[in-house]
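Two complexes come next, and they have one chain in common, chain A, joined by chain B in the first and chain C in the second.
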Partner chain A sequence: MRDARGNIRRPIGARLWLSGGWLTLLALAAICAPLIAPKDPLMQDLFLGRMPPFWMEGAEPGYLLGTDSLGRDVLSRILYGARLALVVALVAGTLTCVAGATLGLVSGFYRGWPDRIISRFVDIWMAFPPVLFAILLIAVLGPGLLSIIIAIVIIDWTRFARVIRAEAMSQGAMDYVASAQVAGRTRFGTMLAEILPNVLPTIVALLTLEMGIAVIVEAILSFVNLSISTDSPTWGGMISEGRTSVHQAWWVLVFPLITLFLTVLSFSQLGEGLKDRFDPVLR
Partner chain B sequence: MTLLRKFLLRLITTAVTLFGVAVIVFIVIRVVPGNPIAMMLPPGATDADIARLQAQYGFDKSIFEQFLIWLGGVMQGDFGQSISLRQPVSSLVLGRLPATLELSVVALMIAVVMGGALALLGTLYRGTRTEGAVDISAGMALSIPDFLWGLVLILLFGVLWPVFHISGRISPALNTDFATNFYLFEAILRLKFDVVADLIAHMFMPALALAIPLAAIIAQLLKQSLKETMHLDYVTLARTKGYNENHIITREALPNAILPTLTLVGVQFTFLIGGTVIIERLFSYEGLGNMAIDAVINRDLPLIQGIVILFALLFTLVNLVVDMLYAVLNPRLRHA
Partner chain C sequence: MSGYLSVRNLTVALQTGEPILRSVSLNVAAGQVHGLVGESGAGKSMIGKAVLGTLPRALHVISGEIWLDGVDLLKLSPAARRKQIGATAALIPQDPLTALNPSKRIGPQITRRLVDILGWSKQNAQARALELLDEVHIPNPERVMRSYPHELSGGMRQRILIASAFAAEPKLIIADEPTTALDVTVQKQILRLIAEMQSHHGTALLFVTHDLGVVSKVCDSLSVLYAGKVLEEARMHRFFMHPVHPYSAALLAATPTYTNPIDSLLPVSETVIEAVEQEVLEHDIRASR
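After this line comes the complex of A and B, so read on.
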């Protein structure tokens, strides 16, 4: 099957279903974590340290995916970790999107001095190494969920602003915008009623991508021990611990890594799939 | 003339950007809680001791005054004194820069080779399953960031099939007489192949982790522009002349398709350099990024400042070079 641009059309359906399915599963796991987690994710048992997963020699019954060096259940920690990951994805992703898309829209459609100021800030932001910026911000704001969300919004708004600015600019030059103006719409009204719906597919695709990125940023911050207090289980924290004991207990690293991998992949594939589906040209 | 004006304009905006970065870092890191001076003194230190040291580092002045003093120093190449390591920031940072540069350049080379090969493969076998496989693998590689690739590589080549080193830059036994900190470059020039092999074995995984997402981008974009070029008349002409497909793709289509990819690679290369921060941490590679994270943890304000400015300088330089390269390579822009 070939579409209008001569590209081979990939099966959109399977991608959407698979990624949507994994994320739904994850959301359910996060919501029901207290009901389905086999163990208390914080409970330590030093006699049960580094027990392998169930199919291996020496596994402890009841600990399906094994235990970490402090004897905590890996499966339960992954399930509880999903809560934090998804909250960060949804809240930080949405706030970043709203902030960045608004600035990009204003910058690209109004042009003039708002554009000059916003673009200057985008330039400055692009000159920062993002991970270092994030770590610096957490050092300033102090560890905690709110700090992570604020840091992600502060760092990543440019991702939306740049793309939406360019899109709004090209949309703004089109005839339908001029006719809307002639028909008596205000500048602001045109932006909301004409430009916004046309850049929405891009915004949606960027939003799901950003959710995946937010999960990664949280994991990276946990990895350098700057995320949340060490009490709450996070995937990044588990990965960090697993990295140090990878030669003795690979499962402490592998299972949270697979979860994180699939989650990030699902977010981005969901975004691509939705974009194709909502793209007015392809539809 | 226009090219020169453009270039001068670029230099000015670059200077403005760097100034903005300096201002923001300066303000942000001075709100950091935790007194770096109190941290470097033994627990029994009196308030007078702390005050004296603070005055020595200039922390008793207003932020504005501190900034002016710092800026004055920077103009003369003096980035201040590191608090935690008690050495000049400039020599610390320049000592680590070669490690990060070597890692980034090796990663870039891997990405260009991998991405280019994938794009050519996909173009040569267009419309077949091979093209589909290239599309899907590039799409997947793109959605996973370098940090996760690094962890996957640690599992593959550090644990499952341990052929590469998972931490450090060089084996301690070989770490002897280097005249510069460009270990890899120097070892190649001096034909010390055992050292080169050791350096590569350390660098391979972090470089590959950084390279994979960029390779995917190059593969996608280059393949797309090759596809567009393949429909142009001059390519059809070459085909009617009887050249084979390999010649047409590599000799005729590729030179024209490479330009749009080049601009993008420039921007993406700055992202790659930014990625070294966490990748160096992950692989305990002694570069700038690893030092930066330690500096934040130790609240070493002068060092953080110096490193961030250096990164910003590096990013803007890369962009500048790419823009100039584009202007030189693109004949349409040269005569405009």
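After this line comes the complex of A and C, so read on.
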């Protein structure tokens, strides 16, 4: 199928529909959490502790996915937890992408001393175990949303830098780059106008992947209680709390885990799907 | 003696000091086609790259002059040099498959130079591009302008690159083995097209190739290169009648004929190679003094 301008149009595949659909749903849920959450996520009721989800015997009406050991509504906590997860995914993912891709592009295209400096930094960075590094950073910076975002950017920019550097290097060796320079483009102009559009599909794929990773890192930090203040609902925190009572109330652990899993999976699938659509050759 | 492009005693070397071009001098007169022949690794492409300022990072100009349109390029600042080259010279690259930006449509890739460097309006540039595509015998140019490179064949892309090289009416075009990456059947058409465009536009052409047969068809004069050293610079007919350098003679003798392809396919003899290597060595000793 071709549209009016002669572009081949491809139907949106099931992968894009499913992953995009789940993320849209989650984003809406996060934005509307105060409106749609059935209960206050912080409200405790010790008489209603460890109530099972609605289809099981002994379920309490109004608590669809059951309650945790303090009697808080699991569904409401998941909805509120989505807010933190998505903010971290978007902000930390984007900042990591911008920082890492810029450094990767410069080092891969300019080579020479900028490349030597950036590559040495990447080598040194990669030698740190990432999770320990994150925990250490939060311990130094103090818990809080900003600290989480900073920690993710500092840990993960190398992923972008390395991949984009390799891409920029292989693109830089192409004849069209030489042609652009013969035609009077500056090196900086060549980097932005010729190289960047060709590494963009990779950047998009990495960006969504990174958003998924940011969600995981946030969950890990919440799990060890180093995320934002302990009373705000977070998926990682819920998993951590559910862990202690998994034999009596598995739903406290399993529902946030499924949500986390689906979200991270959707991010990576979205990236793959979008990459194909951004690539002129595959498009 | 000086031409539109005049390279004088150009020496280019690796960072280690290993010379790649050894005091190369050559002239391309306005409106003339000059061939640059040699084996692979002889440094033919490097001369073109040195002129256009696209030498690989590892190579450096040690000494010499490159006069283009009366200006010594090597004395200019990088920005001034880019401007001078952009306004007077263009490149027909070797591999049409990598010479167009895969993420952009053909149209803007042809018109960009006209708009950016020559300050044309978009409409004028667009009209000019259509005219050029027509001139290089591309059917349905409007459609091609809207296509992405991967939607076109190698021969089509090479035609587009030729059109694009001539777009800004440069006085000099460097064709770096423009037919090597193409199918044999397409090679001939492209060669004819380049010759046709060259004579129509009166552009000086530096034609880099390893194919003496190609040179004999399109060039007015040629330089024979071995190990970065010009062994012989000659007018075309004189070269084919009486090659002066023994290596040139051996090269000519190595060209197979159609009537007797097997027996006429002679390798360049070792004594000739040894003599040439000796000559190169003597050059290096003289240069190091």
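Note that in this section the second predicted complex is superposed on the first by the 271 of 283 C-alpha atoms of A that agree within 3 Å, B and C clash if a C-alpha of one lies under 4 Å from a C-alpha of the other, contacts with A are read in each partner's own complex, and residues count from 1 in each chain.
Here, a contact is a pair of C-beta atoms (placed from the backbone, for glycine too) under 8 Å apart; a residue touches a chain by one contact, two chains touch by 3 or more.
Everything numeric in this text was worked out from a predicted model, so none of it was measured.
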*Can A:Arg111 be said to touch chain B (first), chain C (second), both, or neither?*
second
*Have a look at where A:Pro197 lands relative to chain B and chain C in the superposition and call it first, second, both or neither.*
second
*With the two complexes superposed on chain A, say which partner A:Leu35 touches: chain B (first), chain C (second), both, or neither.*
neither
*Which of the two partners, first being chain B and second being chain C, lies in contact with A:Leu46: first, second, both, or neither?*
neither
*Would you sort A:Ala183 into first (chain B), second (chain C), both or neither based on which partner it touches?*
second
*Where does A:Ile213 make contact in the superposed view: on chain B (first), on chain C (second), on both, or on neither?*
first
*Would you mind checking which one, chain B or chain C, touches more residues on chain A?*
B
*Of the partners chain B and chain C, which touch A:Asp175 in the superposed model: first, second, both, neither?*
second
*asked:* After overlaying the two complexes on chain A, where does the chain B footprint on chain A coincide with the chain C footprint?
replied: 6
*Which positions of chain A touch chain B when the two form their complex?*
6, 8, 10, 120-121, 123-124, 126-132, 135-137, 139-140, 142, 209, 212-213, 216, 219-220, 223-224, 239, 243, 246-247, 250, 253-254, 257, 260-261, 264-265, 267-269, 272
*Can you list the residues on chain A that touch chain C in the complex?*
5-6, 111-112, 174-176, 178-186, 194, 197-198, 200, 280-281
_Complex interface listing, chain C residues touching chain A_ = 49, 52-54, 57, 79, 82-83, 85-87, 89-91, 93-95, 98-104, 112-113, 116-117, 143, 146-148, 150, 161
*Enumerate the contact residues on chain B facing chain A in the complex.*
13, 16-18, 20-21, 24-25, 28-29, 31-33, 127, 131-132, 135-136, 139-140, 142-145, 147-148, 151-152, 154-155, 158-159, 166, 227, 270, 273-275, 277-278, 281-282, 289, 292-293, 296-297, 299, 304, 307-308, 311-312, 315-316
